[in-house]
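As written, the chains take the letters A, B and C, and residue 1 is the first residue of each chain.
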Amino acid sequence: MKNLSLALGLLLWLALPARAQDAFTAALPGLAGGFGDIAASVEQLGALGDPRGLPVLRALQAGQLQKTADGRLLLPGNTDAATGQPADGAGAEAVRLNNRVRQALRGALGRLQLVSPDAAERGAAAEAIFRSRSAEDVPILQAAIAREPDAGVKARMVLALAAAQLVAPNEEAKRDAIARLGAAGTVEARALLIEARAANPSLVTAIDVSIASIERSLSIRRAAETLFQGLSLGSVLLLAALGLAVTFGVMGVINMAHGEFVMLGAYATFVVQEACRGIPWLAPWSLPLSVPAAFLVAAAAGAVLERGLIRHLYGRPLETLLMTFGVGMILQQGVRTIFGAQNREVTSPAWMQGTLMLPGGIAVTQNRLWIIVFGIAVLLLVIAAIRFTRFGLEMRAVVQNRRIAATMGIRTGRVDALTFAFGSGIAGMAGVALSQIDNVSPNLGTGYIIDSFMVVVFGGVGSLAGTLVGALTLGVVNKVLEPYAGAVLAKVFVLVAIMLFIQRRPRGLFALKGRAAES
Amino acid sequence: MTEPVLYLDGVSVVFDGFRALNNLSLIVDAGELRAIIGPNGAGKTTMMDVITGKTRPTAGVVRFREHDLTKLDEASIATLGIGRKFQKPTMFDALTVFENLELALKAPRGPFSCLRWVLSGEARRRIEQVMEEVGLAARAHDRAAILSHGQRQWLEIGMLLMQDPELLLVDEPVAGMTDQETEHTAALLVRIAGRRSVVVVEHDLEFVRALGSKVTVLCEGSMLSEGSIDHVQNDPRVIEVYLGR
Amino acid sequence: MTLRLVLVGAVLVLAMLPALNRLPADSALHVSDFIVSVTGKWITYAILALAIDLAWGYAGILSLGHGAFFALGGYAIGMHLMRLIGPRGVYGHPVLPDFMVFLGYQELPWYWLGFDHFPFAILMAVVVPGLLAGVVGYLAFRSRITGVYLSIITQALTYALMLAFFRNDMGFGGNNGFTDFKELLGMPLNTPTARSALFYASLLLLLGALWLCSWVARSKLGRVLVAIRDAESRVRFLGYDVTQHKLFVFVLSAMIAGLAGALYVPQVGIINPGEFSPGNSIEAVIWVAVGGRGTLVGALLGAFSVNALKTWLTTVAPDLWLFALGGLFVAVTLFLPRGLIGLFSKAQK
């Protein structure tokens, strides 16, 4: 039965070009008649599926189809609708519409768009039929599917066909449709099946199997998307916390202006973008260019802060906390004075925009994906800098035993300044990433500073692995909780959970043990 | 045989795979003065930390009379009657000598009791008496921050006395003292012992000899030798690891 | 001694302000309404500063969340003030405050019960901050979270509360908080009588708090707290249960802050979640630092002088205020570790 209808459709299709020629021109003159004739003619044109019908019906809908006294029909620009040749439009008047015609037009246009030359339009038409579906759409969909070149559009048409078949009287086709809808695994397909379940008592078992399969694939997809969002938030936290892991974790300097260094990085991105705007070949690459720029700006600010102020307060953490908070206020107000209080926009380059569809229908936004990649890259960079460079070696030496390092000829003051500048520079790079997903405003950093400290404390002060695990855990937990508790309560819950966690492990997840931890 | 005051058996402490104490056993009797010596890293300070509750042992028994010290925190252990003097003298620099001793004085320790605390004549006399004993009477109202190093050591010993503990743990009391001060301190500790048990950790062998007490030698977290100063000084194992370098 | 004279003088001057306000406007000694209400507000800030100083200056607990205790006290009295509006709201509902009608509440949430009684509201303004401080302090002090870690935890606490209070479904008016208060204890607010009454109540509370704090500071407990601040573990080895002492002072401090908040709200006529913002708490800490921590008079001096500067600067050059405040943070920590009081006592020597 199925094969038969397919074969019939195919035959119909093969026969179409020749017959449509006649049928199309034959259907046209009705448009010049009374409202009843127009409606009949519109329906006819819709059922024909001839692409030439599309401009005619569009013009009719827009009130721009004209008829001459001798019954010819003219498209806008005075083209003859039947022949496509230029024609004399003198004395022509617009074809008028009534509600019945309008209604007929909507259905007919929907079907005709299936043969539009624009793939996006064909997809939209399939989508519309999927939603409105009626048994009459079955043959025209089958015809459209047969000649559809675009795989994505074709898949949507197949779904629309399944939806239409579900309301058609053919039992066999219905079973087929149910199976296909089940495999599609979308929310809409599930809604269709649930609706069909009441109307088709004989097919309940098949429908239930399909619904269950949809639920399964939906929950897998939801879990995957939540995981991705969590990792994406986690990598944002990682970027913001990595700098702290160096300045607070390694050096033990508590810098409340850290968030403002992130903010400076975001503004540096904005400035680089504006500077590149005038140079067309450079403009798409302003974002990669701003990574070193943001690093340098924030690192310079960090070096000045450390040499100018913080080093006078070593060994007095509470005073350092208050002092750097004040510095943060000054930086915020300074930026507000220079750039204004309103948000600045940093646009994403074209290669970062859009959504990537992973297998299984998992939607992934490109810029979030890039942030994850960037976060990992920065982490590797930090590890490499600490492990494999001369600077990293000197830094570790100074942290472990300042006096011995000094006696071995390491200029500890210079190492302090460089380490602090390094941590601050990482904050600047975090600002580049944040400019892509958050408003670039003077108080950009305040939203992240507490979370970043939580990541460092939770992960274990002084441990980069802890920072990584801490950031990703907090990101994922936040996103997992959000659907149940809402974004704000999820955040509150996470804060409380960290406080309770610190009860069990006061030194965090990856704690240093032994004598080193005692001091 | 009398019940020992302090009883350590098979005590081990492991930090990240490093054995700070290794199956250490030690018995201190009532009224005994005991000196503990050993090279750097022998576990002397870790042993003090274990007894006073700062560090939890990985394994072993630590008892003070009938109390299991591994289950108590620093404050409860101190109120049981174990006082500790630190290697680096620690006191409260912002407070005067008198106030430091007053805080150490044996009295109810809760916040409400402290709020209602009134210094009685008897308590004042007791503080003055201890100040005499450690030679700080003239400096009663000076802030601890301005005392000399030796005076700080004595103030800390004075604070120990105020606590009226049954067991005193004294970590390197004569480090940085002049010879005269050292002699004075040795005499003070000998006087204190007898009424209570005293455990002294010290590097200075002359000082240990002046104490005239039984000596325990620690090495790499366990006991190497025990006996009189002459006995341990002639023990070949001690000579090898400690004295004969 | 001179300090005490100055203090008594300052209190007397403050006490005369509402009376001078009643003088005819053309009198040379007349004091404007603005001065009275702004000074009344500063007095509540000074009480908050005292509370912070007791915890920070004496026990070394730098809480960056005291603004939360202040705000909770404010919300408690705010709930009472909202209940007193009764049917006079815009929607004219006999029981529910306007925002509840607007949000479609059917009845008063259970935690609003009792707030129609003034003594209950005042009790809650003390008990709720005290309880919160008790729970947080117990968890933190027990696991020996000290120094900057404690500061960050308390900052996270007030941040979390701010986020929570911004939510409409918390039942505390969300974004807008409470406002449009009508009366308190039968006195219509925003009249000279109410202003003076609240002013004197604040002044009395300030004196009471000062007396209480100096009693604590001068007792042996005060010396234990100083000892904890300087060498916490040494205090443990003396046999003191440090957790109990810190908890005592932290809870007491939170309760004082809560009462200050309860007097603040009727004077300014509004309370909203912005009071929980971490910036507020840390600004209050800087009052104490500017005045001189560890001396109660220093906390008062700091609260009045910084707020006077703020009021002046925000009228003449609003953009400069944040620079000035930031600069104060830097200058005080680097150059004036003992605050303004330190300058005076140095000059005396």
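Basically, a contact is a pair of C-beta atoms (placed from the backbone, for glycine too) under 8 Å apart; a residue touches a chain by one contact, two chains touch by 3 or more.
All values reported here derive from a predicted model rather than from experimental measurement.
Looking at contact counts per chain pair, the maximum sits at A-C. Among the chains present, the centre nearest to the common Cα mean is that of C.
Note on chain placement: the centre of chain A and the centre of chain C lie 45 Å apart, centres being C-alpha means. Chain A and chain B have Cα centroids lying 66 Å from one another. Chain C makes touch with chain A in their complex at residues 62, 136, 139-140, 142-145, 147-149, 151-153, 155-157, 159-160, 163-164, 166-167, 278, 282, 285-286, 289, 319, 322-323, 325-330, 332-334, 337. Note for the complex: chain C touches chain B at residues 215-216, 219-221, 223-224, 226-227, 229-231, 233-242, 244-245, 247-249.
For chain A in complex with chain C, the residues that touch the partner chain are 254, 309, 312-313, 316-323, 325-330, 332-334, 337, 450, 453-454, 457, 486, 488-489, 491-492, 495-496, 498-500, 502-503, 506. Residues of chain B touching chain C in their complex: 52, 54, 73-76, 78-79, 83-84, 86, 90-95, 99, 102-104, 109-112, 114-117, 159, 163.
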